[in-house]
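In structure tokens below, several structures.
Two complexes are shown next, each including chain A; its partner changes from chain B in the first to chain C in the second.
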Partner chain A sequence: MRFFFEKRTDTTPLGHTTTIIGAVVLALVFGAGFLATVGVDPLEAYTLVVEEVFLSSYGWQDLLVKFTPLLFMGCAVALAAQMRLWNIGAEGQFHMGTVFVTWGSLHLNPDTWGWSLLLVMGLLAIAGGGLWGSIPGVLKARFGVNEIITSLLLNYVAVAWVDQHLFGSWRDPASNNFPITREFADVARLPSFGNTSVHFGLILALVVAVVVAWVLLKTKLGFQIQLTGDNPDAAGYAGVNGRLLIILVFAFSGAIAGLAGFSEVTGIHYRLQQNISIGYGYTGIIVAWLARNHPLGILLSALFMAVIFVSAEMLQIEYGLPIAMVYLYQGVILFTVLGSEIFTEYKLRLRTA
Partner chain B sequence: MEFLTQALVAAVEMGTPLLFATLGGVISERAGVINLGMEGLLLVGALVAFVTMLGTQSYLAAIGAAVVVAGVVTMVHGLVCLVLRANQIASGLALTLFGTGLSGLFGDRLIGKTIEPLDSHALPGLSQIPLIGPALFHQDVLVYLSYGCVLATWVVLYKSRLGLTIRSMGENPEVCDTMGLSVLGYRFWCLVAGGMLIGLGGAYFSLALNSYWVDNITAGRGWIAVALVIFAFWHPLKALAGAYLFGFAIALELRLQLLGIGLSPYFLKMLPYLLTILVLTTVTIRNQRRGIQVMPAGLGQGFVRGEKY
Partner chain C sequence: MSTASAPTVLELREITKRFPGVLANDHINLDLREGEIHTILGENGAGKSTLMSIIAGLYTPDEGEIRIRGQVVQFSTPREAISQGIGMVFQHFMLVRNHTVAENIILGLPGSAVLDLEKIHQEIQELSDRYDLHVDPERNIHELSVGEQQRVEIVKVLYRGARLLILDEPTAVLTPQESEALYRIMRNLTQQEHSILFISHKMKEVMALSDRVTVLNQGRVMATLQREDTSPEQLAAFMLGHTTNPTTDAEANELPCTEVVEEEADVPTAPEAVTVNPTILELRDVHAVNDLGHPVLKGISLELRENEILGMAGVSGNGQRELTEVLAGLRTYTSGTYLFEQTPLQRLNVEQMINRGVGYIPEDRKKFGVAAGLTIAQNFLLRNFGNSNFFWKRFLINRGALQRYGREKMEAFDVRAPSEKTRVGLLSGGNMQKVILARETSRARRVLLACQPTRGLDIHATQFIRDEIGRARDRGLAVLWISEDLDELLLMADRIAVIFDGHIVGTLSRQEATVEQIGRMMTGMTLETAVPA
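== the complex of A and B ==
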């Protein structure tokens, strides 16, 4: 008795959706198993999640707050992925963005710059993330160096760079030696909606998502990006400068991740501190993958990942579980989704002798 | 002289987990499977070794458990990317996330707990060689085991029929399939064997390098090992040189911090990662200039009979 895969002739969008939902359910079951091993009743925990996250207004606020950086990151990773490039360095580009933004807040006088300070800080974030992102881009385009490894390693460098500033000259003298900068001026903060913690970064993220979608689906540049991703040789014959495009795409991707950093420090923390990103950059990879890099699908998958983050924070408060739960669930979800993809194209059949 | 001798001892210590992980990567990539889950597997190995050591007080049990569990976790990666034909890169990243989460979740309760680290044993005679003697021959048992693993990997991959088959799997799976060999089987078990070696590297972090549990104990060394596989030209003997070179860089970073040299510790922390990028770039440029194709030609490509990927 042997199993084998038989190609389907009847692939439907519905089948695809069912498979993904099935994979997510399976992941939640596996996750429940891990909860049980650390002494948490999974049913109780999942019920709490539904009550506290979906059925409370605070829950929705938290969801939108987490959704914001994840939407940025999903767009950043998906843009590169459309060209078959892996940007695993969004985490570092995010950190570089926050460093540039904070430099602006510490060195530019809010009285002379006024409201335009926020604009300048946004541009600084784009520059910081974009420059950091273009390093793996240049190394790939010019020398063919594997972008997965370089972009990933630069994350560790960027985090050390943030620490260098926080434990050095940027530390607030009034902070009792905590590694935090002094608070940003009022004009250097993104406004929030009413009394909620949801801030203007959400709008910015949605704008970025629409722009990325428009560029990819409606412009010549987007066509060139996809063409080069699918068939670099054909793109080359068609006159596309593939090398330049690699650098550009990585720079844009990094700039978007840098903007995520801008949105987090000016919208939530109002200062630079450690652990501003709890793996948002890595999550961006999953966000993009679940959406198959489609800009609109990213809205859904970013929201789903936001649910994971908010739930994990809730479990942290309720049961004292570490925030590393997020990575565990992400790993399991990515595994089950990847493992289920084959069932949209194939059927599992039993070979009888 | 004293400083250099000590730095070399530390270089071998820091290089040993990299060596195990790089060897593991060499085996699976030679068979054509990329394992980007190295960082996660190192963390799993470290966690399992530490927990088992706490429970049993037996190094043998701790090492064995780390190897077995890392092997089992690698099977998940193998199931997803080989049996279920998913993207190897994405599946490897899932493995890293999974391992990071697992070690974070269960390691949370271990913070502050301590174990007795492995003792060093001097090999009579050999350890008296000036400079390199203490570094290579006055070490703990896992370091000696790593020499054995290098030798064994080299012999199997380059001096045996099995090794020839394994390397063919990475170069041209179609031909292997035509010869009636199971591409899936060979690739799966090479990936798992590699994963077990990586688990051994993870055990080294908690049994030898640290006496207490710290969160994220491997600090990204798994990714350095991913780059080292390329740096080592997918060859076990070159992996030895590469691992010790990077071990030296890490040891130097730690030593310079202790000496209180004027450089900021955060700049020193960047050094191993920057060095990795620099070396990777140099190696890539050199290979291109000379037109050498050392990367296994079928690396990362799925194989299904009758279908072109």
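== the complex of A and C ==
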């Protein structure tokens, strides 16, 4: 008697969803184990999470605030992943977006530009993220350089560039030497909803998600992306300009990540400072993966990852747990989801012989 | 030289193998005698490969038993099968190109840490001499022809002590002359008490070589027959699953088997060419390099004419693939002239050629022809990106029109699938090829490039595709038909060009071409030297 895997003849979206849910439950069980080892009653902690995150207005606000950048990032990664390109550089593209946005706020006079300043800053973010994203795209298309390596390494460059500005000419003289810029003018801030911390960036992110879905599912460009993702050789045979498409998709992906940077600085911080992204770019990879790069599934997976962020933040405050808890959960979830992959393609059978 | 009284070396009893949704082998009984060539015949998907893989230890059967010289054995790895004297020569060679013959042969064998190459060379030489294999142990694989590489594979299994050889469509990649040499080797092996399980589609060699023939259909044994007691017509009937014995001529003629097809009246044949048709596409002294940058087309000149099929014979790897890629705009040429309707083309790209009305059925249909993860309907969008096509509303997909189109084409081309939303990857090879054919013949206005369009397909699909390409020619298209099946070219082509080592060795009209002459030209002999004395 022994177990063996049998290939499934039918892989259904329902089966995929069940598998994902199973993987998440498994991750929560693992997480409970970790909580127990640091002396926290997991049941009590999870109950607290449900109360504080889902049953309180503050929890919901916080959830939507975290959901916004994760939705952007998930879309950015998934768009490239539809073509089997790995954009590990969303984090860097986000930072380049923030640098370009901040340049706009520091150098363009809000009195002359008025409300159009915000629009210009948004375009600057698109340009910054898009240019930064197209670097790995060009390198891959022109020289065949592995985009995973280049996009990842460019993250460190982008973060260092933000630091260079913050510790250099952009530092606010009135900041007591803190590495932060001046606050943005009022017209350079995204409006919030009522008295909440939820800002207009949420709408922007939802629009981006819908646009990405529309492009992928309805347009010729989207079809060519899917075709190249499915079979690059057939795409070449079919007359798709593969090189151009790689550059284009990387630029778009970077632009979306740049918009996330715009949404964060103009919607929450109103200035450039360090650690505006708490690893959203990397979490975006998980968001996209959980959704199987499906543009609408990303809505769910981004919300789920937001829950993890907010819950961990709460546990941090309540029990004095370190931020490492978030990364631990992320790691465990990625691990269980990747591990569960096999069950969407195969079923486990018992052989008796 | 009857082997009827020879001892049985291999016995399969009630072998059954299931894959999800498929019963690949259904209670198969088979025995192989010493010194026998036993042919396994069947259409694609009949279960031959699965059965051979079970014998070679690649698969374990779900039910049934294997006996070797009376002993029940169970293999869970190919190594165990080899230790029982069973060796398989695969259709695709498993050789390391930059290593020598001897190094390839000993690869994976247990041995001492220090190699005694001298001794190994000697052993290989002895084996080679004994069976007349002409293999030089010290040469590098990349220097060898396809036929020589195949003989290395045979030495490889013999060196491992194989007494029972499985040859999986060994002549599919060989020239007629190389095939003849292989037949001699096979007879040589069986005379020295080896046994051979021989897989082939080619009726002529099956009838010439086999002691017995077992026909499979849909995973079941239809019959095992002595060669003397059967006929190609009967074997073809069994292959198609007819259990009744079609002995009357009338019935035999109705069988859509390749051997009989030539007599069929409704095959579109070449119109009697009185005048020379206008040239649509012409190459003059075209050179090109392959993916590694090595010259592969070395001065190709040819003409594709309206309403005409130019057949191209040649052993694969002599530049056929690169030639079609140049013609289709996928590959740039380094020198020469490419004239399309009198216009010289310099910078080639795929889109331009599509717009000029070139259809292209690629050699590797899974790798290039389709996107397996997309639906049948979506696959009709490939090579149809022009805005003028009605599937597109500017840059948006017109889903309704596309699905209607998909349904129509599936109907017209007899694509068997649940719906136009079925993923192409789930289709059989024949149905996949019909999707490609439907797409390419529907849009091509001037030229159709067909690379090995029927390779690996069963008789029904082959017939359908031949008819359809014939009809495309009758609509006025200039067709280039590349094939390794000379009978097919003689049946379908108006003219036949032979390619060897990046050159066109010669072009013959169908009337003057014979299999023997083309076969000789495929080895590089020119038209003059290839004329039989």
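Basically, the second predicted complex is superposed on the first by the 342 of 353 C-alpha atoms of A that agree within 3 Å, B and C clash if a C-alpha of one lies under 4 Å from a C-alpha of the other, contacts with A are read in each partner's own complex, and residues count from 1 in each chain.
Following the convention adopted for this analysis, a residue touches a chain if its C-beta (ideal position, glycine included) is under 8 Å from a C-beta of that chain, and two chains touch if they have at least 3 such contacts.
Since this is a predicted model, take the numbers as computed values, not measurements.
Engineer: For the three-chain model obtained by superposing on chain A, do chain B and chain C clash or fit?
Structural biologist: Superposition check on chain A shows chain B and chain C fit without a clash.
Engineer: Scan A:A234 for contacts with chain B and chain C and give back first, second, both or neither.
Structural biologist: second
Engineer: Quick one: the Cα-centre angle at chain A between chain B and chain C, nearest 10 degrees, please.
Structural biologist: 70
Engineer: Does chain B (first) or chain C (second) touch A:F223, or do both, or does neither?
Structural biologist: second
Engineer: Comparing chain B against chain C, which has contacts with more of the residues in chain A?
Structural biologist: B
Engineer: In the superposed arrangement, which partner chain does A:E6 touch: chain B (first), chain C (second), both, or neither?
Structural biologist: After superposing on A, A:E6 lies in contact with chain C but is clear of chain B.
Engineer: Using the superposition on chain A described above, determine whether A:P322 touches chain B (first), chain C (second), both, or neither.
Structural biologist: first
Engineer: Give, as a whole number of angstrom, the minimum Cα separation of chain B and chain C in the superposed three-chain arrangement.
Structural biologist: 5
Engineer: Considering each complex separately, which residues of chain A are in contact with chain B in the first and with chain C in the second?
Structural biologist: Of chain A, no residue contacts chain B in one complex and chain C in the other.
Engineer: Considering the complex alone, what residue numbers of chain A touch chain B?
Structural biologist: Per the stated touch rule, the residues are 34, 38, 86, 88, 139, 143-146, 148-150, 152-154, 156-157, 160-161, 163-164, 167-168, 282, 285-286, 289, 321-332, 334-335, 338-342.
Engineer: Residues of chain C touching chain A in their complex?
Structural biologist: Within the complex, chain C touches chain A at residues 20-21, 328, 330, 349-351, 354, 360, 362, 367-374, 378, 381-383, 385, 392, 395-397.
Engineer: Spell out the residues on chain B that touch chain A in their complex, using ranges where they run on.
Structural biologist: My answer: residues 36, 40, 76, 79-81, 84-87, 89-91, 93-108, 219-220, 223-224, 226-227, 230, 264, 266-267, 269-270, 273-274, 276-277, 280-281, 284-285, 288.
Engineer: Under the touch definition given earlier, write down the residues of chain A that touch chain C in their complex.
Structural biologist: 6-9, 218-221, 223-224, 226-227, 230-231, 233-240
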